[in-house]
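Two complexes, one shared chain (chain A), two partners (chain B, chain C).
The block that comes next holds the complex of A and B.
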C-alpha cells in the first residue's frame, strides 16, 4: 500500500462470528452446523450466529424463539463469557506482536495503527496475512482484516469480505467506493439516522457527499459535520491503545426475566442482585459513582430510565440498591416488567474517603471483607441474606456463578 | 447426547513445546481414554484459583477436562457423546 508522508495505515481486525466460532472450536459436533450463542433466559436474544445459521436469516439481536422458528435444526449454546474473554486476550496478544498501538474496540474487534511497523514487517498486507495466520494457529479462529488510511474506512473494509477476508482500501479508491455505498453501511450511521436520510432522498454516501455541510448542520446539528466527513471517508480519530483511554463513564448490568414480573417486591430482588453486581465491578476497578440509573422495560418493549444523583459517592451494593429503590418507589408501573437494569454514572476513580459515622464505616469494612472472601472463593460465595431466598428460578447469572462442572451448552 | 458432570479423574499429561501442557490420556470410571485431539484450551477463575479447561476428543466423543491450578487436581466437567 503506497502512502503519502502523513498518511496513516490503520487496520481493523474483526473476528468472524466470534462467540459461535469459539463454541464450534470447543465442540467439534457443532462444526458445519447452524449454531447460535445466546443468554441463559428463555426469552433471550441471539448474541452470535454461526455462518451456517445466517442463510436462514438469523442475526445477532434476534429473539431466540424467532431464530428457532426460522431454522428448526438450530443448535443453541448458552453464552459463557470467560471462554470468549480468554480467546479475545489471546488474539490481543497476537496483535500486540505487530504494534503497540492496538485499540480494543470490543471483545471481538480491534484497531491497529501499523504505520510505524510497515518497514519492520514489509508492508501492511503482509502484517494482515501474518495476523490471520497467527490467530488461526494460536487461537484456532479466523478473522477478517480491513486496511485503510483511517478507522472509519478500515472498519468498512473488514466487513467487505467476511469471513476470513482481507481487504485494502487505498486513498485513491475512496470516492468510487463510497459513491454507491448505502448510507447505513457506513460505520456510525444507524437504522434511525438512515431512515431520516432516506426521507431526505439520500440513499448513498455519494448522494450524502453532495449535500453542503451547512444544510447538514442545520438539519442534524453537530452530527451534520460528522455526516459530511463520513460521506467522504474522512476520520482523524486516533487508535487509542489499551490502558491509555479515558476512564469508564458508567457501569451497569441488566437482566431480561424469563417471566414478566409485576410486583415491586419482586423487582426489588432483581434490583438488589444487579446493584450488588455493579458494586463489585465498581470496587474492582477502584470506581465510585453518584448517579444511580434504574432502567425498566415493559412487556411491550417500552423502555425507560430514571436517575437520581446524590451528594456522596456510592460503591456498595446496598447503597446502590437503596437509591435505586427510592427511584422505583417514585414510579407507577403501568404494566408487567420484562427487563430490569441498574447502572451508575458520574464516576470517579481512586476515591478514598473514610466515612464519618461508625455505622457507615463498619458497613464499608464489611463489604471489603466480603470482597476478600469472594475474590478468593468466587462470586457470591458470601452474599447478602435477601439474595439467597426467593424463587428457585431466580438465580445468579451464569457468568457470576462459581465455576463447577462448567460445560453448559444445551441442544434443544 | 450431552452429559454434564464434575468428577475427579486421573490424567496423563505431557509438557511439550515451550512448557505447554498437553493431556494425552485420562481414566474415567475405570476406563482409559486416549486423547486424539485438543480442540480448544481456555482459562477461567473461581475465586483466586485459575482453572484451565481442555476440550479434547478421542476418535468418537468430546470431553471437557479441567485442571485446578491450586488444588493440582483434574476434573471431568462434561461429555458430548455421539448419537
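The block that comes next holds the complex of A and C.
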C-alpha cells in the first residue's frame, strides 16, 4: 500500500461470534453445532449466535423463544462474562505485541493504529495475518481484521468477510465501495437513524453523499455533519490506547454494548466488572490512583465523564467500584447507555500505604492472593460474587460492598 | 420585639454562628438565625440540624418577642454599622429594622415559628473541663480523622472515659485508617460508654468556645452531646455507628526508640515533601547509630537526600512513611524533642512528645 505522509493505517480486529466461540472452544460438544449464548432471568434474548446458528436466521438481540422456533436443535448456553473477559484480555495481550496503540472498543473488538509498526513487521497485511495466527494459536479463536486509512472504514472492512476474514480498503476504493452500501451498514448509523434517512429517500451511502451538508445539519443537528463525513468514508478519530505504557498517567477500560443498558443497577454491573479489570491492571504494574473517572455514552453518542478525587490511593476493584458508584449516584441519566468506562488517574507507582487496621490489611492481602490465583489460572478464576456468570441478569445492587472492605469483619 | 445592644457584643456573637448557619443548605430557614428577647437578655440561635448553637447576651430597652433573619446578611450589616449602639426592631410581615445613628436597614425575615426547636440542654449528669484543655484535645486529634464520606464511622472523633493506673482519663481518638491520634487528660467524666462526634462538630465547637477562659460543662442528653458556658450552649448530634477497636493498633514501647529534634525533623520533612508530593508523599528513613537518613525521589521527579542527628542505639532499620502524616503530628506537638518507637519495616510506628504520656500517634508505614 502506498501512503501519503499523513496517512494512517488503522486496523479493526473483530472476534467472530465471540461469546459463542469461547463456549465452543471450552466445550467440544458445542463445536460445529448451532449455539446461542443468552442472558438469564427476565431478559432472555440471544446475546451471541454461533456461525452454525446463523443460517437459521438467528441474530443477536432476538428473543430466545423465537430463536428456538427457527432452529429446534439449538443449544442454549448461559452467558459467563468473566470467561469472555479472560479471553478478551488474552487477545488484547496478543494485539499489544504489534503496537502500543490499541484501543479496546468493546469486549470483542479493538482498533489498532499500526502506522508506526509497518516497517518492523513488513506491512499491514502481514501484521493482520500474524495477529490472526497468534489469536488462533494462543486463545483458540478466529477473528476478522479490517485494514483501512481510518477507524470508520477499518470497521467496515472487518465486517466484509466474516468469519475469519481479512480485508483491506484502500483510499481509492472508497467511493465505489460506499456507492451502494446501505446506510445502516455504516458504523454509527443505527436502525433509528437509518429509518429517518429512508424516509428522506436515502438508502445508500452514495445517495447520502449527494445531500449538501447544510441540509443534513438542518435536519440532524451535529449528527448531520457526522453523516456527511460518514457518507464519504471520512473519519479522523484517533486510536486511543488505554494507557499501559511504562509510566502511565491513567489506566482504564470501557465497554461498548450493542444493546441499551438501562438503569443504574445494570450499569453498576458493568462498573463493577470494569473496576475489577482496572484494579487488576493497576496492581500488575504496581500502580495505585486517587482520581476515579466514570465515562458514559448515551445511545445518541453523547459522551461525558465525571471524576472524583480521594485523599487515599486505590488499587482494588471493590474500592474503585465504590467510588465510581458514588459518582454514578450523582448523575441523573437522560437516556439508555451504550458505553461504560472506568479509569484511574493521578497515579503513583511502587508505593502503597499499609492500612492500620488488621481487617483492612487482610482485605488487601485477600485481593493479592486472588491476583496470584488469577495470574496462574486465568482472569476471574477467583472473583467477587456479583460478577459470577451474569446470574442475576447482570445486576449488582448499588449498595453491594465487599465484606473485606469493612475492617470489622474478619476474612475467613 | 425590640432591643438595643452594644455593637461589638452583637458582632462577636453573630460571628461565632456563621459557620453553623449554612448558606448552602437545602433547607432555606437554616441559613437564618433566630433571635429571641426577654428580661433584658437576647438569645441568638443557629443550627444545621447536626450542630446547634445558642448565644445569650445582654440587651436593653427590651420588648419581648422573636425575629428570624438571614444570619449572613444580619452579620454583614452589623459589621458595617457606625456607632456603638444598635437598635433592632420587629416590623410587619416578619421584616426587621436595624438602626444605628442615622442609618437604618430594613431586612425581610421569616416566621420565627418555622425555625427548628432548640434541643433540650438539661443533661442528666455532667462534668467540667477547662475550655483551653478541650480546645487542645480537639486540635491534636481532628486532623487525623477521615474526611472521606465512604468511611463515615471514621469521620468522627471517638470520645470515652478511660482508666489507666487507677486514674480516670478523658480520652479522644481519631483515625483515618492509616494513622491514629490519641490524647487523654486526667479528668473524671460521666460518660458510661464511648461516643462519636463528627470532625466538623468538634472543629466548630473549638471555634465557638476555644477563646473562653472558663470551664465548660459537658453532658449527654439523648442523642446529643451538650457543651455549655454561662453565655454559650453548643449541642452536637452524636454520630451513629461503631468505632473500630483502636487498642489493637497501638504498639507497646520497645527498644528501637529514636529521639529526634522536632524542629529539625519538620525542616527535613518539608524539604523532602517538595519531591515526595509527586510520589504519593512517600519518604524513606534509614536509621542507625546517632543518625537518620531521609530520602525520596524517582527517575522522573529528581531526588533529595538529607541526614539529621538523632539519639538511637538499636540495630539499623529502614522504614518508609507518608511525609504529610508525619508533619501533621509534628506540628501538633509542643515539646522540643519527640520519641519514635519502631519495630519492623512494615509494622506501625509510635510517636510521642518526649517525657509526656498524654498524647500519642500511631502511623503505619508505606511499602516502597
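The working rule: the second predicted complex is superposed on the first by the 240 of 412 C-alpha atoms of A that agree within 3 Å, B and C clash if a C-alpha of one lies under 4 Å from a C-alpha of the other, contacts with A are read in each partner's own complex, and residues count from 1 in each chain.
Rule of thumb we're sticking to: contacts are C-beta pairs under 8 Å (C-beta built on N, C-alpha and C of every residue); 3 or more make two chains touch, one makes a residue touch a chain.
Just so you know, these numbers come straight off a predicted model, no measurement behind them.
In the superposition on chain A, A:87 contacts chain B only, with no contact to chain C.
By the touch criterion stated above, A:301 is placed in contact with neither chain B nor chain C. With both structures placed on the common chain, the touch criterion links A:27 to chain B but leaves chain C unconnected. By the touch criterion stated above, A:326 is placed in contact with chain C alone, chain B being left untouched. When both complexes are aligned on chain A by C-alpha atoms, chain A residues 407-408 touch chain B in the first and chain C in the second.
On the chain C side of its complex with chain A, the touching residues are 147-150, 175-180, 242, 244, 248-249, 279-280, 282, 300, 320, 322, 346, 348, 362, 364-368.
Contact residues on chain B toward chain A in their complex (touch as defined above): 2, 4-6, 39-40, 42-48, 51, 53, 55, 57, 62, 64, 66, 75, 77-78, 80, 82. By the touch criterion given at the top, residues 22, 25-29, 82-83, 86-87, 140, 374-378, 381, 402-411 of chain A touch chain B in their complex. Residue ranges of chain A in contact with chain C, taken from their complex: 247, 288, 310-313, 322-323, 326, 348, 350-358, 360, 407-408.
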